[in-house]
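Next up, some structures in structure tokens.
You will see two complexes here that share subunit A, one where it goes with subunit B and one where it goes with subunit C.
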Partner chain A sequence: MKYVIYPVALALLAAVPFVASDYALGLLIGMVTYVTLASAWAMFSGPTHYVSLATVAFYGAGAYVVAMLNEVMAYPMILLITAGVGAAMALVVGLSTLRLAGVYFVIFSFGLAELIRQLITWYEINIYGTLGRYIFVDITARGIYWQMLALAAITIGLTAYINRSRLGLALRVIGDDEVVAAHSGIPLARMKLMAFVLSATILTLAGAIASPRWVYVEPAIVFNPTVSFLTVIMALFGGANRLWGPALGAIPLFLAFEYLSAHFPDVYPIFLGALFIGVVFLFPNGVLAGIEGLRRGKKEETA
Partner chain B sequence: MSLLTIDKATKKFGGLTAVDGVSFSLEQGEILGLLGPNGSGKTTLINLISGALPMTSGDTRLNGVSLAGKRADQIAHAGVARTFQLVRILPSLSLMENVMITAVFGAKSHWGQAAKDTAMTALGRVGLADRATASAGSLTYIDQKRLELARALAAEPEVLLLDEWLAGLNPTELAQGIALIRELSQSGLTILMVEHIMEAVRALCPRVVVMNSGSLIADEATQSALNDPCVIAAYLGDSADA
Partner chain C sequence: MFVTILILGLVLGGTYALLALGLTLQYGIARIMNLAYGELTLAAAFVLVALMQGFGISPLLTVALIGPVGYVVGSLLYTVMMKPLVARSSGGKLDVDSILATFGLLFLIQGVLLLVFGPNFTSISYLDKGVTIFGVTVALNRLIALGICVVVGGALVIALATTRWGLALRAVAQTPTSAPLVGLDVNKVARQGFALGTALAATAGATVAMYQTFSASGGVVFTMKALVIVIMGGVGNVGGALAAGLLLGLVETFVATAIDPGLTLAATFAIFLLVLLFRPQGLFGKA
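Presenting the complex of A and B:
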């Protein structure tokens, strides 16, 4: 059954640009981008509970690869290089940080985005000469949408595959107890690294695919920490351990954030913070699981 | 050649030598008791063998192959399985998954049906087969201990390390627990068990090694060890301190 439903749903989603307005298409691109980011984030952080705030480090790096190469290379080649850059960055970062426990990892991952922003700023000023670049890629909004939709589908498909694989089982064991994981024969470093690299490669590609929308990029614009926070909130809101959780969290929250940031720019950050705290404390397993739990609780009461 | 050889195992925590040049060995199929008063270094020694902690110096050998310096997962892969003094289960996984992981990531690298079958057999041995799909978070203490033993068994190990697996059981459960370990031993499994309950040690272990303040003070037949003046002094000294 699902072998019919998924392709049909994907085809329908791919056809939306033919009927959508430019404004709607813009919203759609943003939405699918966050579906991809939240799902890719959850690929690693969901089962392992290593909360990464490095999303924008990879996302931004992807955009910068395009900004730096768009005048010298064909677009498909740039995407390939982007994937390589993302994987290489994740490998270096992973090797040096995945031994860190809990809050240290969170802080380091947050610092990473800042570090990369500073590095690029330094490079642009001292070596390139000016801070800021233009991205001129011959690609339409529809093209961007289709690419991001494909990346989202690949991300969710890959997550489904991982969930059923040894890697998926290993990651869930690691999330519960690393000591037990190691004593059961799970090579901790290799498993965490594999998932982290896969996740980060997708995040980096997402940045590259979304980048032509910016036209003009500057480190301060691209490496905006809000992207990292939004990704975490969305994934947790929908449930980072469920295949569709991050996607289902990303869609309503993206729309809510769009609305709020357009109409109430002053209260928007407060809302963001309140939601973050609310989700973490009230629905640690995601709002979906929380609602299910409430419903089950009610049924049991009435039964 | 002995199956498992501990060779001058030493562990220092800063100024404290928790395990001090301990040597002994286990033969294939043997069940050996590891005794000693509280804080004498038994758990630390188990941690050194399983790779939970790196040794300061010394070596352990399984079938003549050195395990020193290897990671816990490599040692598990080589055929060493253990339980923990403070029971460790995976609360968000089902019983089946809790047990399956050693079958999947252990020496045999089972997957799919083979892994499930191995897990079911192990769950059956400890009497949890009928609850395979339940979540491990909902288990009582004794069932958590059973689950942990099943996880160790599903690794199909060469050596099983038990760290006070029988502690905290009521008399009925204790009798069941002793019977279960005897059954495992009779099936040919080599077992090193840390135990404070003398009744269990007498019932299960023909031979014991005794530690005190990190050093080995006895390695002999259980009956003579329990009458050994220096063993008695170690235990009495311990209770006099307490």
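Presenting the complex of A and C:
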């Protein structure tokens, strides 16, 4: 049954740009982008509980690769290079931190976006000469939407595949108890590294695909820490351990944030912070799990 | 050149050492990995500037008073926000929970700072006179900042090492599960550790405001530097944090004067990478 439902749903979603207005299409692109980001984040951080705060480091790096290369080579080639850059960054971070306790990984990821932002700023000013670049790629808003939708579908499909594979099992054991995992003969560092590189590559590609929307890029615009923040809260809100959790968290929160940032730009960050703390306290395993817990509780009461 | 880097580096390192000391107390004793640490520091810096510009209150008075205020704020923060997390989490779960909760707190405080003080860079000129030491001209406000760091940091190290209260803090830091066996109230000690850390963050922030330019969105860098120092010194190692803080100040000043000021954070990260690769237990820890 689900082999019919998913393709049909995907085809329907792909057909939406033919009826949607420009404004609606813009919203849709943002929504699908965050579905991709949150799902890719949860691919690694969900089962392992290794909280990555570096989403925008990869997302922004993807956008910057496009900005640097869009005048010298063809778009598909750029996407390939972007994926390589994302994987290489993840390897550096992963190889140096994932052999150690989780806290080191979190700390490294916490400062990574700021580091890359400062490095690119330094490079642009001292070597390239000017801060800021233009992205002129012959891609329409519809094209961006379709690419991002495809990437979202691939991300969720890949997560579903990983969940059933030995890698997914290994990641869940690592997340539950690393000592047990080590004693069961799971190669801890290699498993974590594989999942992290996959997740980071998708995040980087998402940045590259979304980048033509910016037209003008500059490190301060691209490496906006709010992106990392939103990704984590969306995935947690929906439930980072479930296949559809991040997507279900991303859609309502994206719409809410879009509304708030347009109408209350001043108090918007305060609201975000408060909401984040609220989610951590009230739904430690996500809303889906929270609802299930309530239903189970009621059933037990009636039984 | 060499003496200049040495003196300016030690001055900067003094502030870093104080910052890291607070963070290592929070993580070592209260087991809270506080990602909003830099925002607490910035809040104190903004308070100092606002009090000076609005009411003409001397920055030195603010520095003296902001520590106790920070202690009360930290104590409240621990009771309201962190204690429920500690109560519900066991083992490794607390790390994840505290990281996420303080990540939210980071944006909350940053939002308030942006709303109240705006996004611009802020600085004050206070005692901006040159003083010559060993042939190097250093601004008086920087020297005062170093003095404050030496006095506060030194007093704390001595108190932790010699008093009964310091012994209790160190006991909880070492083995929180056994501390109740000798009659220690772990919750109370953890709250004290967290509050003390916040007090140090506030003091360090106020001293930073005396000589450095800062903006509401720069808290991440403070937190990051403090975290790197804590890892370098070894988690919970007070003396290690002081030494590593001074070392980072020296390295950063060296990179800023000899290579490029835009690469100081890169230098911090490079050190961090080297420590992670070769001595993850800290420069002064045992394997």
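Keep this in mind: the second predicted complex is superposed on the first by the 298 of 303 C-alpha atoms of A that agree within 3 Å, B and C clash if a C-alpha of one lies under 4 Å from a C-alpha of the other, contacts with A are read in each partner's own complex, and residues count from 1 in each chain.
One rule holds in what follows: contacts are C-beta pairs under 8 Å (C-beta built on N, C-alpha and C of every residue); 3 or more make two chains touch, one makes a residue touch a chain.
None of these values were measured; they are calculated from a predicted model.
**Student:** Just checking: does A:Leu169 make contact with subunit B only, subunit C only, both, or neither of them? Give me first, second, both or neither.
**Tutor:** A:Leu169 contacts subunit B only, not subunit C.
**Student:** For A:Phe276, select first, second, both or neither according to whether it touches subunit B, subunit C, the two together, or no partner.
**Tutor:** second
**Student:** Thinking of the overlay built on chain A, is A:Thr201 touched by subunit B (first), by subunit C (second), by both, or by neither?
**Tutor:** neither
**Student:** Determine, for the superposed model, which of the two partners subunit B and subunit C contacts more residues of subunit A.
**Tutor:** Larger number of subunit A residues touched: C.
**Student:** Give one of first, second, both or neither to describe whether A:Phe229 is in contact with subunit B, with subunit C, with both, or with none.
**Tutor:** In the superposition, A:Phe229 contacts subunit C only.
**Student:** Looking at the overlay, does A:Thr55 come into contact with subunit B only (first), subunit C only (second), both, or neither?
**Tutor:** neither
**Student:** Quick check for you: in the superposed arrangement, does A:Ala182 touch first (subunit B), second (subunit C), both or neither?
**Tutor:** first
**Student:** So which positions on subunit A get touched by both subunit B and subunit C?
**Tutor:** On subunit A, the subunit B and subunit C contacts do not overlap at all.
**Student:** With touch defined as at the start, can you tell me which subunit C residues reach subunit A in the complex?
**Tutor:** That would be residues 33, 35, 81, 84-85, 88, 92-93, 95-97, 99-101, 103-112, 114-115, 220-221, 223-224, 227-228, 231, 260, 262-263, 265-266, 268-269, 272-273, 276-277, 280 of subunit C.
**Student:** For the complex, which residues does subunit A have touching subunit B?
**Tutor:** Listed in rising order, the residues are 166, 169-170, 172-173, 175-177, 179-188.
**Student:** Sort out for me which residues of subunit A touch subunit C in the complex.
**Tutor:** Subunit A reaches subunit C through residues 49, 51, 53, 96-97, 100, 102-104, 106-108, 110-111, 114-115, 118-119, 121-122, 125-126, 178, 225-226, 229, 232-233, 236, 266-277, 279-281, 284.
**Student:** Which of the residues in subunit B end up touching subunit A in this complex?
**Tutor:** 50-52, 71-74, 76-77, 81-82, 84, 88-93, 97, 100-102, 104-107, 111, 151, 155
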